[in-house]
Structures are given as structure tokens and as C-alpha cells.
Amino acid sequence: METLFLWRFIMIVILKKNHSEEDLDHIIEITKEMGFQSHVSRGTEKTIIGVIGDDSYVSVDRFENLQFVDKVVKVLKPYKLVSKEFHPEMTVIVVGQEHQIGSGFSIMAGPCAVESESLLDEVGAFLSEQSVPFLRGGAFKPRTSPYSFQGLGLEGLKILKKTAEKYNLKVVTELMSESESDVLNEYADIIQIGSRNAQNFRLLEKCGHFDKPILLKRGYMNRTEEFLQSAEYIMANGNPNVILCERGIRTFETITRNTLDLSVVPYVKEESHLPIIVDPSHATGKRELVPAMVYASWAAGADGIMVEIHPNPERALSDGRQSLDFKQFESMKNRLNLLMNHNT
Amino acid sequence: METLFLWRFIMIVILKKNHSEEDLDHIIEITKEMGFQSHVSRGTEKTIIGVIGDDSYVSVDRFENLQFVDKVVKVLKPYKLVSKEFHPEMTVIVVGQEHQIGSGFSIMAGPCAVESESLLDEVGAFLSEQSVPFLRGGAFKPRTSPYSFQGLGLEGLKILKKTAEKYNLKVVTELMSESESDVLNEYADIIQIGSRNAQNFRLLEKCGHFDKPILLKRGYMNRTEEFLQSAEYIMANGNPNVILCERGIRTFETITRNTLDLSVVPYVKEESHLPIIVDPSHATGKRELVPAMVYASWAAGADGIMVEIHPNPERALSDGRQSLDFKQFESMKNRLNLLMNHNT
Amino acid sequence: METLFLWRFIMIVILKKNHSEEDLDHIIEITKEMGFQSHVSRGTEKTIIGVIGDDSYVSVDRFENLQFVDKVVKVLKPYKLVSKEFHPEMTVIVVGQEHQIGSGFSIMAGPCAVESESLLDEVGAFLSEQSVPFLRGGAFKPRTSPYSFQGLGLEGLKILKKTAEKYNLKVVTELMSESESDVLNEYADIIQIGSRNAQNFRLLEKCGHFDKPILLKRGYMNRTEEFLQSAEYIMANGNPNVILCERGIRTFETITRNTLDLSVVPYVKEESHLPIIVDPSHATGKRELVPAMVYASWAAGADGIMVEIHPNPERALSDGRQSLDFKQFESMKNRLNLLMNHNT
Amino acid sequence: METLFLWRFIMIVILKKNHSEEDLDHIIEITKEMGFQSHVSRGTEKTIIGVIGDDSYVSVDRFENLQFVDKVVKVLKPYKLVSKEFHPEMTVIVVGQEHQIGSGFSIMAGPCAVESESLLDEVGAFLSEQSVPFLRGGAFKPRTSPYSFQGLGLEGLKILKKTAEKYNLKVVTELMSESESDVLNEYADIIQIGSRNAQNFRLLEKCGHFDKPILLKRGYMNRTEEFLQSAEYIMANGNPNVILCERGIRTFETITRNTLDLSVVPYVKEESHLPIIVDPSHATGKRELVPAMVYASWAAGADGIMVEIHPNPERALSDGRQSLDFKQFESMKNRLNLLMNHNT
């Protein structure tokens, strides 16, 4: 038995046992209303309706709404621009003409927060010496408590830029708010969207209008499908330069701050053309676990890492527990170089 | 467009884009091998195969195995004997001829562990006075640490039975191990399977051979579908008297020991004919939250509750933090009676 | 053995075994730097430092940073204004002089999204007839996919206001973005912060400056402590009128859209003076589970509910699967009235 | 201020504000009853009691039980024999005199289930050719549904042994039940405890009496602390040869079967002397993700891997979706050898 369709399948609707003929008519009518064709397959226990059309973006809500519907199965993925099916060549993102993300293994490092100019200068000098091209640092800090250190703001951005210029680095820094977006765009080379804003859709739309690459952190509560849809928001609004960043998800485990979900790296490499990097600092929350997770990220096929470093982690105003000191970073980088040199 | 089948749908197999004709032939052949018919629907992007047969229990593995398969959707539920579709009248379980579970609101109470005969006597007298017919108490205790109090064992069972006889109560106690099952069967009126053994399949099979009702706690890591399949294990092995018990699941929340998932109560009432009770003590882990969750369980439609009580919770050898003292239990029961009397 | 302090404990720092004397000196010095006193207790295996001061808001980061620190335990809660300790009388929020939230059981209802004026008129007439004072409805809709229906925007706000005025209702609607806050403030009586924005700290700060009550939904990934800290953000920025709303958290369970965490209701009632309501529609995602969860919310001690209704859920543009139709709502409300009348 | 103790700290008990003097006396008395000393530190807001003694294994229940106790903090870890503190040299487990686990990188491979003798022979020949010394395969299969393929049982064990002898391999196979333990002990070289039995404490005790190494899989719902306590059960009952196995935990993510928690590898290496291997097949559930996770496991410092292979995954009776075929395994092993040869 076989039936041939000229259009593609959008979804499959499975009806509950004992639905009436009216129910079936009703669903066929809705399908038509939405501009689709339907194909009904009737078994003794279940009736199944294939919905067919030429548009891959359709809400399943209209069908899930119906009391006599048992299940709706989406056949097409809920994203398009981010998918490899749509865009088969892997995306390489060029930052400031000389640096590429998505080709080779990129390292971004810096303190959690921009605490002072002297701190940044110390970090900048170290990164330059280590040939690390990307300086990360927060000027605006999202903090769970209103009483925690909130970052230096504009002053922090200026320090970042000054340091970057002095040591020929590129600035990666977080955008927390639509109202700060213009000023941030002026100072950042890569604009970071943090985990707590991963589904702040207005902010994602705003990112679609920048001409800077966006480093999109996975929401710590987001399934990979949602993570990719957040990237789709940025791309659908006009900015194709999205760097994905896995940074751990919230689970029941308590020894680490989050659970680093490294399987997402090979999955994204199959599914999407976008580069993906890993942040093992926020994922583990413990500096002694960071180096092992850096090596693992590389081995899993990630395009880079972002790690927190601090000349004196014990004095850091935030997240020092997960920051490497310079010596630890250097030793980690040496081991990483060894791995990479022998295996490319 | 419509196609009529005499047999029912088992599952739907969605192929990946760009599969070959050989792939399709291969899947049709496997379907035949398994004794099913197939119906192929071909769109421009996706091919979908409906698998049709007369047996609702079939592994989807054979299809998920195939590299060119995108998704397999089971159309039929993975359980049968527990389902209301199969057994439309609600099950009422009779315990010792005079008590019923699944009709009215049943209360089970007692200490976490049987600590001594005098404790049980105190509890027994109190339950009798409160007209609570079911005495719960652990003789064999599953403990995360090998160094924690493990229960009194056989001695504990004897104390339970003696107390129950004296005060005309029914004993609910936990079975942890196949090797203890005969002795437990001798002393218990209702055999409890704990959350950590909810997928100890050999133990579930064993429960299928008892003539006593089984109180099956939901595994704290089990989806409702798995919970119902564990009940199916017991029923498929011959014992139709299963009482389900929601006792909280493990989530990221830390203020409660587990997260009580009360929505499972109305869901099970729609899906299954088995009675379901709630254990708010293990769910919350905090006595001050227990009464509110008892009222909520009743309001949600549960068939009963199981709560931990102790004459002196501060002295309890285990789980005292979540035990009500006698005064708290009485006050909770009074409020519950008020709710029930006005609303039946 | 006993030591008396004039100041209160802030936190306890537990050192790792084998720390050096220098480590200890170092930590005492940091404590001083932060303006605190310390009290060292030394055992044979562990050294413990009590940090004492007069300020309850202090970051534990400085101590967790230290390699030789094993654990830092906060003794004081991470919030103040929301706590009952700070503000012992329960807060009652007055909306438009005639309605109170936090006294009695408040019902808010309406469609997920404002789809059209005629829909809202139908809903408004029904709510008025049912004596439900709060009309909920989304004009700006946060959607996971950029291709889903995003709401009518300003047009939707106008429809809400017009309907509310006609039927003497109060408008509850969601604020998604700082840039939309002024216009929203003009049209809403209660401003809702959605689950995905529960840690959008800039938006929370903004809410601190409104003179309207804020309905703060719990982030579906937030622990109760974080939920209360988000409320603290609003209060610390000047707005004391916060209504908490439990709406389910993300877990591994798949039969419901989220897992409704009702235990949070009695917990919040112990911990905070703020009113808390429940949204069973988003929690369960299934209309057939909504009524049972409404009754359970009331029984658990919630101050109200917010439910989705739609005259024709099958036609709803979003979330129809979880919307009650008018008849279902009425029947639910009747049963609820029965419960409440007999039990207050 | 400093106080010196001769004994070590066991735990810290923090009292609620406004506790009475009687409460304090009561807690000091309980402490004495349990054989401990106490040290009271009193602030203006909180009173803190240090409990001091010479035994590290003590239940915190007695203190958590008390209504006026706010928090109990365990200072000592809940395990001893598994800890590096207790046993500083790393454990190397010798299997059959010639193979070591915990030194070098061990590979275990084989089909999910022993389906037939010819299948095992094919696998055995392949492993031998690939110099993989450990043959894994299930004779007793724990299945969520009572209707799924349950394994060949004793027949399967015989096939495993025969194949192993022919090709000079060591057998790794799962023990599901106390009653099958003697027969399994006869046929297995390494006895595996599956994820669903990770807290089947009677089975763990039984494993303590075997003279074979135990491969303990992490419960998919267990925190690392619980995982290590399950190992403690085995060791405390007499068997020091425990191999830990990370196999993914249950989270909200749906693209993988479980979420592989690789951070546990460096954590366990810091905390324990036991070897730890990784099972990327059950963790990801998708064969295309397995090789990347194998490389990552090695890079993270694991002592080995266990992967599912099948000559014809599409025909596998269970878990074929996650099995590598021979060609995929060989290519993965070649890449792994490249990594290892250059980096040891």
C-alpha cells in the first residue's frame, strides 16, 4: 500500500479512540483553514491524520487544543536558518578580520567581572603573552541577589576596550538589557547573551540587528531544541553570526554548579552549521574540574572554550571559586597544545 | 484521501530525508518479519510508514536502530492491564474483608521505622483511638549509607503484627529483597515496594505471585509511564491488587526533599483503574508542609494518604524531621474531616 | 563550653583538612577586610570559622574562592524584604480600591493571548457573569519559536482595557521588555512578569519603579530561594506590591508540560508575607488536569489561581490545549465554591 | 578568639531564631546521649552548636528532627572506605592476572543483550582481532516493560563463557537479582550492577561477599555522593574491588537518552581511589554521538569505556540505536589510539 504526495508532511495527528465522525470532519476543516491538505488513515483502534503543506513553520497548537486528539507529532524541526539541512556548509565567523571562530580551536579567557583597570591590565598582558586573542569580562553582571556586586557598567566597558587596544585583543562581554545595547555594541567585539537571558526574546531580536557576532549561551534550563530556536530568533532578525556556547544545565546533581552537557557538541555538529564553544567554568563551578573539561571539550569536537581566569582568584569579587589562576591556566594550555599538535 | 485498515496501528516510523529506496524496502521487510503490515506515505521531504498489526506490545527498538529512521512514534500505550481502556471499572482493593482502598479516603500512618515494641504500642493505641485502620512501619529500611540504622528486621515484623492484632489494625510494611519476601508475606497485610526498588524488576515479578495487595511507590526518578509499567509488571505476573503511591520526584528544588507531583493523581484517574494514594511525608521531608499537602491530595482526588507519625519525632531514629507528632496528626485529621464531611 | 557574641552570625567557613597556619591567617585577614569578626574553632580534623557582623547581605564568594576552604554555609537567608522575619504581618494587595489579593481566594481568568476584540468581549461578559474580577490576557507573547504567533501588541492592550472598562474588570497582562514598560503600565492593572523573564534582572528593577502590583511568575528553572530573591529585586527597587505565582517547574516528567510544585505554597506562607497564587494551566498543560489542581491549590492554602479559559479552545491561537471552555470553568468554579463555603 | 578541641567536628547545628533555653538544653542532652560533645556559639540572631566526637558516621536525623533547628551541616563526608583521604593510593583492579583496570585505558565492548551463540561468536572474534580484552553482554536484562525481551538467562551466561574462553576474553555481565547471584558469579569475570539497581542495597551487600570485581553503574537518578555511598556498601561488606561507571543521569534534555555527566570523572579522581570508566552508549542513546563522547571520556581522565557494539545494529533485539557496528567501532578505536599514543 502506498500513497504519493507532492507536498511535504508537516505533522501527524493521532486521534483518541472513540472519536466521532464529526470530530474527524472538524479536524479536516481546520486543516483546510490553515491552508494544508490532510490524509486520513483509519485503523480499528486509532485514526491518524497526516497534515501536508508547503510551509514548515506551523504551530501544533490548533491540533493539540482538540479534546479528541491524542497526540501531535511534528515531522519537521522547529528551526530552519540554524539547520545544516538549510545551510550545509559550516559557518566560520570572522572577528576583526584576523580571528576566526569555527575553524581551529578558539580560546576566550578573562575574569568573571571587570573589577578594576589594574586587574584588566594584568589579565591583558597575560593573555597577550599566552597568544589568547579573546578577552572576556563582565561589565554588567546578572546576579541572583540584588545585593551582590552588579559590575562597573560603562566604566567597565571602557576598561575592557582600553585593555583590548593595548594588548591587541578582542572583547567578549555580556549584554543584559535592551537599553544598554547601543553602548555595549560600541565597546564589544563579540556580544554575549547570558544563560538567564537565553529566552529573553526581545533581547534576542535586538541581537538580530547588530553587525557584531553574538555569543549565545545556552539557557541552563533549555533543551537543545530551544537553544537552537533562540539562535533562530537572532538569525531570523538578520544576524547570521551566532556562536553557540554550552555552559551546563541545571540538574539534581549538587557537586557541580551545573551539569556540563558535552553530548550537545557532536549533536549540534550534526544538526547545525553554527560553531559551538564550551564554558567549563560556569558548568562545573570548581576550578579543579576545569582543565579536564577543557580537554574533554576539545576531544568532543568543540570549536573553542571560554574560561574564567584571575591573577588572584581568592580576591575575585565574583565566581573566584571557578577561576583558574595564571599558572593553572598556563599549565592547562600547555597540555591542550600537546593534545592539539599531535592530533590535527 | 482516506485509507481504511482492518487492523490497528502500532506505531509510525518517520524516515530521514534522502533515504534510499533500499532503505524503504529494508524497513518493509523488517515489518513483515515482525508479523506486521505497513502503509507507506511519501511526501516530497519525508516518508512515513504506518505499522499495523494486532498486537499492542512491540518493541520500537528494531526501527529506532535504523540509521535512516528519524523518529518512531508509538501510537499505543506501553501498558495494558493497568489501563482503564482495558479495565474500565475502577478497582477497589479489599484488605482483610473490612477495609477498602479505592473507595473513600484511606489513611495509613505510623513511624518511619519500627524502633521498639513500646513505640509501636503507643502508636497503635493512638491510631485505634483516631480510627485509622492502617499501621505503617519499616522493619527492613533501605538507607543510602551502609552505616545508617537498617531497621530491626524480623523482630520488627513481629512487633508490627503484635501491635496490629492488639489494636485491630492492618500492617503496611516494605519489602526490600526477594530473599525476605516469604517472611514479609507472613507478617504484612499490604506489601510496600519502596521508591528505590520501583524498577527492581525481579522484586516486582515476585510481588506478582503474592496474594496480598502491593503498595507500589513511584520511583523518585520515574516518569508516570514508567510508574504504570512497574505496576504492569506486578499485574502481568498475576497480582491484580496494586495500590499506586505518589511520593515525590527528584528535581533541582532543594527546600523540599522531593517535589510532590500531585498532577499525577488526576492523570492516573483518567488513565488507569488502580487506586492512587499520596505520601506527603517523604515528598516534602518537612513536617510543617505535610498537613497542607494532605488537604491538597484529598482535593486533587487521591484515594488516601500515608503519613509518618511519631510520639516524639525529635527522638526518631530516622526521618523524624518529616514526622507529625500525635497532636499535629490529630489537628490535621480534624481539618481533613471537616473538608470531607462537607464535600462528599 | 560556650562563647557569647554581641553580633550575629553571617556564615560559617569550614576549612579543608591539612590547611596551613598561613591559610588560617589569610582568611582571618579577609574577614577583617570585609568588616567582620571571626571566631575560630579547631578540631583535630577540621577547622571551622564563624563569621560575625551586623550585615546580613554579604557574598560568600570571597570565601568559596579559597582553595583551602571546604564549604561555606550561609546562616542568614539571602533575602530580607520578602521575609516574614523582617515583615511579620501578611501583605494584602489592593487593586483598584475594591479588590484584594492576599485576603480570600482570588480568581484571574482569560485567554492565553488577546486574539481579537470579539473574543475578549465574549470572555469579559462571561467573567462578569461569573463574578470573576481579574481578566488575564497576553498582548505581548514570549514564544520559543520566532515563527509562532507573537501577540497583537499595543492593539491587544487597547482591547484589554476596553473590555475591562466595559465589564468592570481589572487587567493582568505580561511585560516582556523594558522598552514596552511605559505603555504596558498605562494599560495594565497588574503587571505580570513571565517565567522566562524571572531572572531578567533589569526588567525586575524596572518593576520596582512602577506603582502597580507585580505578578511575578516563578522561573520554571528557579529554586524557591531564587524565586524569592527575584521578588526581593522588585521590592529593593521600591515596589512592595508583589504577588508570587507558582506555575510549575521543569523536570524529567513528560505527561505534564511542567511539574506543579504545590509544596511551595505552604513553604512561602511560612517564610514570606507576600501573597502567592497558582497557575495550573501552564503547570499541567492539559485542561483535564486543571480543575483538580485548582482544588488542590485552594486546599494547600494559596491566595488564588490564574487559569486560562477560551470560549472555543480548539480555535485558540496558543495554549488551547490547556484552556478550559466556559462550561468547564463554570463547573470548576461551582465545585470550588462548594469547597470554600463550607470551609472558611 | 579561638577554641581548641581534641576531637574532630562531626556536624554543625544551627538553631532557629527565638529558640528557648530549654531547646538548647535539650539539644545538648541529645548530643551527650549520642556520645558526643557540643560547643555552643551564641550570636544575637543565631545559636550554633558544633558537635564533636570520634566517629565520622552519624545520622543527622536526630538533629534535623527538632523543630527549633534551622539547619544541620555535615562536616565529614558520608563515606570512608571509598575516599582518598582514607586510602591515598589509587586502586588498580586486576582481572584474571593479566588485565588491569585503573592503569591505562580499558575498553569493554559487546552487544546489549546476548541474543544467540552465533552473534557472540562474531563479536568475540572481532574483539580478539581488535585486542579488546573485555566482552560485555547481558544475559539477564532489566526492561521497563514486562513485555520486552528479557534476555536468555542461564543460556546467555553459557554462551558468554564459551565465547570468552574461545577468544581469551573476560566476561562483564549484569546481576539483577540476589537469587541469580551464585550462578552469575560462576560465569562472570566482572559483575555489573545496573543503573536501576544502584540503590538496591541488598544486592550491593551481596556484592560485598563476592571475590569478583564489581562494575557499579551510577544510578541515573543518583548524586555523586550517593553513587559513592553505593560503592561504600560493597566495600563495607568486604569487597574492595569496585569499578565505578558513569552512564548518564536523567535530566530534562530529550535529544539524548540521558545526560552524560563527565565532570564526575575528575571529581571522583580527586575524591576517591577507585577507578572510573564511562558508558557513552547508554548515556547518549545515539550511536552517532558515541565516538565523540569516547574521546572526551579519555581526555577527561577516565580509566576506560564500555561501549555497545553489534555486527548488525539494525537487527539488535534491544538498544541497537546506540550500538556501533564493527566498522564504526574500528574507526573510533583508531582515532582513540592516535590520541593516546601521542599523549601518554
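Labels A, B, C and D are assigned to the chains in the order they are written; within every chain, residues are numbered from 1.
Assume contacts are C-beta pairs under 8 Å (C-beta built on N, C-alpha and C of every residue); 3 or more make two chains touch, one makes a residue touch a chain.
Owing to the predicted nature of the structure, the values given are computational and were not obtained by experimental measurement.
> Determine, using the mean of C-alpha atoms as each chain's centre, which chain is farthest from chain C.
In terms of C-alpha centroids, the chain at the greatest distance from chain C is D.
> When A-B is set beside A-C, which has more C-beta pairs in contact?
Comparing A-B with A-C, the pair joined by more C-beta contacts is A-C.
> Roughly how far is chain A from chain C, centre to centre by C-alpha average, rounded to an integer in Å?
26
> As a quick test, compute the distance in whole Å between the mean CA positions of chain B and chain C.
Chain B and chain C have C-alpha centres separated by 31 Å.
> Averaged over CA atoms, how far is the centre of chain A from the centre of chain B? Could you give it in whole Å?
Distance between chain centres, rounded to whole Å: 38 Å.
> What parts of chain C, by residue number, touch at least two of the other chains?
Counting only residues that touch two or more other chains, chain C contributes 221, 250-252.
> Given the complex with chain D, which residues does chain C contribute to the contact?
Residue positions touching the partner: 1-9, 12, 14, 17, 37-46, 48, 50, 52, 71, 73, 75-76, 85, 250-252.
> Residue numbers of chain C touching chain B in their complex, please.
221, 223-225, 249, 251-256, 259-267, 270, 283-284, 286, 288-289, 291-293, 295-301, 338-339, 342-343
> Which positions of chain D touch chain B when the two form their complex?
Per the stated touch rule, the residues are 26, 30, 57, 59, 61-62, 64-67, 78-79, 142-149, 176-180, 196-197, 199-203, 205, 219-221, 226, 229, 232-233, 236-237, 250, 287, 313-321, 323.
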